[in-house]
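Quick heads-up: structures coming right below.
Presented sequentially are two complexes of chain A, the first with chain B as partner and the second with chain C.
After this line comes the complex of A and B, so read on.
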């Protein structure tokens, strides 16, 4: 249990929380505001992360341009998903969105010559034989570490530098998102959660509003992908399984889908749960193999969601009235 | 009956070029049901027309067709010279043809004021481009809010302004639905039984509001209403529907006295009233 006393553990939790926070912010604007149930959100993160790795390693692009293109492609993927399937009813869209993310992952898995296939970005063919894509941003992370070293010594880890980079962005995006949610644009979207005919009969193009929220959410997913790529320094197809989308959903449910600030708390809680379950290796859990412990993590996280739905359907910070009005 | 139809034809012939709405032989069916069967009529600009008829006559279905919520199987709907039958619902509303719902659909999880503010047309904040112009957005918002408060005052819902609309009673929802439609400043307003469950004093007041709007804003109204006294008072024309068809169409008094109508509809009502 002593791992929980180490600062390094909490720094990792915070780094993860920051990335997942940005990721969930995308789901929040899609579902919390617009009622669009996207179960393929992980696809946006995969696209942007992989775009960076491929452009930098295979084509020697600058990281920054690659990151920009990565987010643009995530937005494009969101637009494509929306244009093809958003006219379906909510349930069908949810299913279609899972398929969309799975197709993305299969494409990554099976395009060895571009993406490195099953072996991940380490296997992306590169002229120089060099398979790292973080050289440029690492300059910044190292700079931060160097500044911190005199103060805290070995605790000045790369993870800590990541926390200091990611969290200001998380706060910035939360601020932008909450501003966006005070607009009449968001008001129309909130109306569409209940009924399409009313906003339509008042002259609102419901499809356009939904498509916009889907694209904005995808941009957040894409940005989360940049930080993910930066944090883990290599990517593999199995990083982007469906479960990642549901981790995002868990954070959203914890936060209360309609409350943007609950997201911070919920992200840290998730980061802790995720980080802590890696260390569930004391007896009797030590009898389990490590993949089995990974399942245990999913099980525990699922249990938290179920308990929460029973006890506080509005999340920690949501307003109950908004859930129960008929 | 013949006399009535003849009169209608002469009305529509005289004024066909001033028609704001022209419905030509429209029909729709859902599975085996055909709620609207070959309905035709025209509405003169700035007129007030009521539709009456027994439950299930197809009145609401007719509104669903005109407002674009359902699409016609056959026929044409012309609004200000433009065919509507292949146009999206929101475009129809943007052109100034707005309707209320018989079930008074309010957005339960928006506040009462938000329900109204959502309806204002041309809001720069509805557009993501407007996000970059906070000043234009907020001045539009405060104007919308003022207007919403004025409308709420009119229907006695001021104290609910910042409550979720979900807490309103059925009658109050009707008032909100009506006020919301008015917020769009429509040129043609379709009202589907807006007064059911609303107390008579307030109905009286609302009728005056509608009459004023007709005079000052030159609005045109098409009203579905069960209460004949109300219909007789406010309408300058009455259309009677039964089984998906128009069975009579003319001036209120002539409808009131028509044998066909008495048999099909009014008779049972009048007898029932006694």
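After this line comes the complex of A and C, so read on.
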């Protein structure tokens, strides 16, 4: 049980929650506002994470420019996905979006010379050796760590610095997202979710509105990818499997499709689930080896999704009529 | 020329497996409006159960396949009783069905891994024996799979056309309320759909395991999108279309490696060919090769 009591565990949970909270916020804007069912969201995270890794490690770009390009590419991927397939109805678009994310992953997997292929970014050599990241963002993380050290001593970990960087962003994005939902833009989108024809008859270009939500959501996915790369520092193609998108969806349906505040609790719950299946080692978890525990995590996430959809499809914080659409 | 025969043959074998898997997915979609994301893991499960009975318990291979098909049917039926029926009563939407199907896949995968391990498995068959056919090398297992898969495809097609329940299924898929008022037992149609889909999933899994020679617990999952591509290619919800879509996709994926197509697609990009085909069909002919423009997609 001791792991529960260690602050380090909870700090890791919070760091993870912040990153996946931002990731899931992208899905929430896409589905909750625009009614777009994006099942390839992980592609946006993969593309920005890899962009920053490759540009910084291989080409010695400044971290900030690389981050900007990474997010821009994620937005571009979202635009490309939308322009080609957003005219399709819900289930067709969902399948197409998975295909997009898988094509991205296969490209990463098979472009060894650029991305390190199956070896991940480990195989991208930099001036200071393998796997080293740029020092620029670490300057910020180290600065925070140094300020905290006199106060709390050894608990001033890199994870804690990460939490202090990510969570303000999460709150900022949540604020932006809830402001967005009060605009006339979101009202039109909500109307298109109910019925395409009414807003269309009022001269609103439904396709363009949906495309905008898809791109905005992709930007959030891209930003989450940047933080992901910062937190884990190494990237490999199997970090961006289809299932990662469903981490985001689990957070989203736990929170309710349009409940921005529920998102915070749901992300922390996800972070806990992820961290617990990784670190906790008391009975009965002690019976499982660590790869088996990774599988337990997958099982539990599947179970949460199934139970939620059966028992409480509106999520813990949602309104029933918002989730049972279509 | 030898290359052409080789790829053509490989394509036929791959395509016949795609066809069997795709028809199950397509039937489930047409009757239940459900995109079955768990279908890939049913393939893996079928292959592993067959492996367990034929290799570990040293039972007859064909008998083991039959047991695995029964197991696939049983699990599908169980899920219908505890999950899908309730979701239908709740009038669950597209997204809910999507997510539950994914949730089922996420739960199945660790269970398979826990029961059967992560090791690479092989069936107890001679995978090295090959025949020479105009210079092309045809594996014994490929030939067996092609013969039995073709027989299965013909059986499925006949079943859909002639059997009472097959006709009921098509009627229900076309117009559920009309079918219900004309005396078709809806629950029976739905259960039959799941049973067929479960059996075909296991069968396709065994065939795929045979053709690959060896397999692990990621086999079905990695093929899922290719199956979707076959389903969409043959018009989503059209059982005969899915059979043909599967065959076409298998041929297309193999033939894309021939030099005359953009200098040949490297074989590690083969899945990408399927994904690209999926996106292209959705873009230019979302109603599939047999669909009508009028159908709203």
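Here is the rule we go by: the second predicted complex is superposed on the first by the 301 of 326 C-alpha atoms of A that agree within 3 Å, B and C clash if a C-alpha of one lies under 4 Å from a C-alpha of the other, contacts with A are read in each partner's own complex, and residues count from 1 in each chain.
The definition used in the following text is that contacts are C-beta pairs under 8 Å (C-beta built on N, C-alpha and C of every residue); 3 or more make two chains touch, one makes a residue touch a chain.
This is a predicted model, so every value here is computed, not measured.
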Which superposed partner A:197 touches (first chain B, second chain C, both, neither): first
Contacts of A:103 with chain B and chain C, given as first, second, both or neither: second
Contacts of A:205 with chain B and chain C, given as first, second, both or neither: first
First, second, both or neither for A:140, with chain B first and chain C second: neither
Which of chain B and chain C A:152 touches, first, second, both or neither: neither
Contacts of A:185 with chain B and chain C, given as first, second, both or neither: first
Partner, of chain C and chain B, that touches more residues belonging to chain A: C
First, second, both or neither for A:95, with chain B first and chain C second: second
Contacts of A:80 with chain B and chain C, given as first, second, both or neither: neither
Residues of chain A that lie at the interface with chain B and also at the interface with chain C: 325-326
Contacting residues of chain A [partner chain C, same complex]: 31, 37, 39, 84-85, 88-92, 94-96, 98-100, 102-103, 106-107, 109-110, 243, 246, 249, 253, 291-292, 295-296, 298-299, 301-306, 309-310, 313, 323-326
Complex contact set, residues of chain B against chain A: 67, 69, 88-91, 93-94, 98-99, 101, 105-110, 114, 117-119, 121, 123, 125-128, 130-131, 137, 140-141, 144, 164, 166-167, 180, 184
Residues of chain A touching chain B in the complex: 179-180, 183-185, 187-188, 190-191, 193-195, 197-206, 212, 321-322, 325-326
Parts of chain C lying in touch with chain A, wherever the complex brings them together: 35, 83, 86-87, 90-96, 98-100, 102-111, 113-114, 118, 225, 228-229, 232, 236, 266, 268-269, 271-272, 275-276, 278-279, 282-283, 286, 296-297
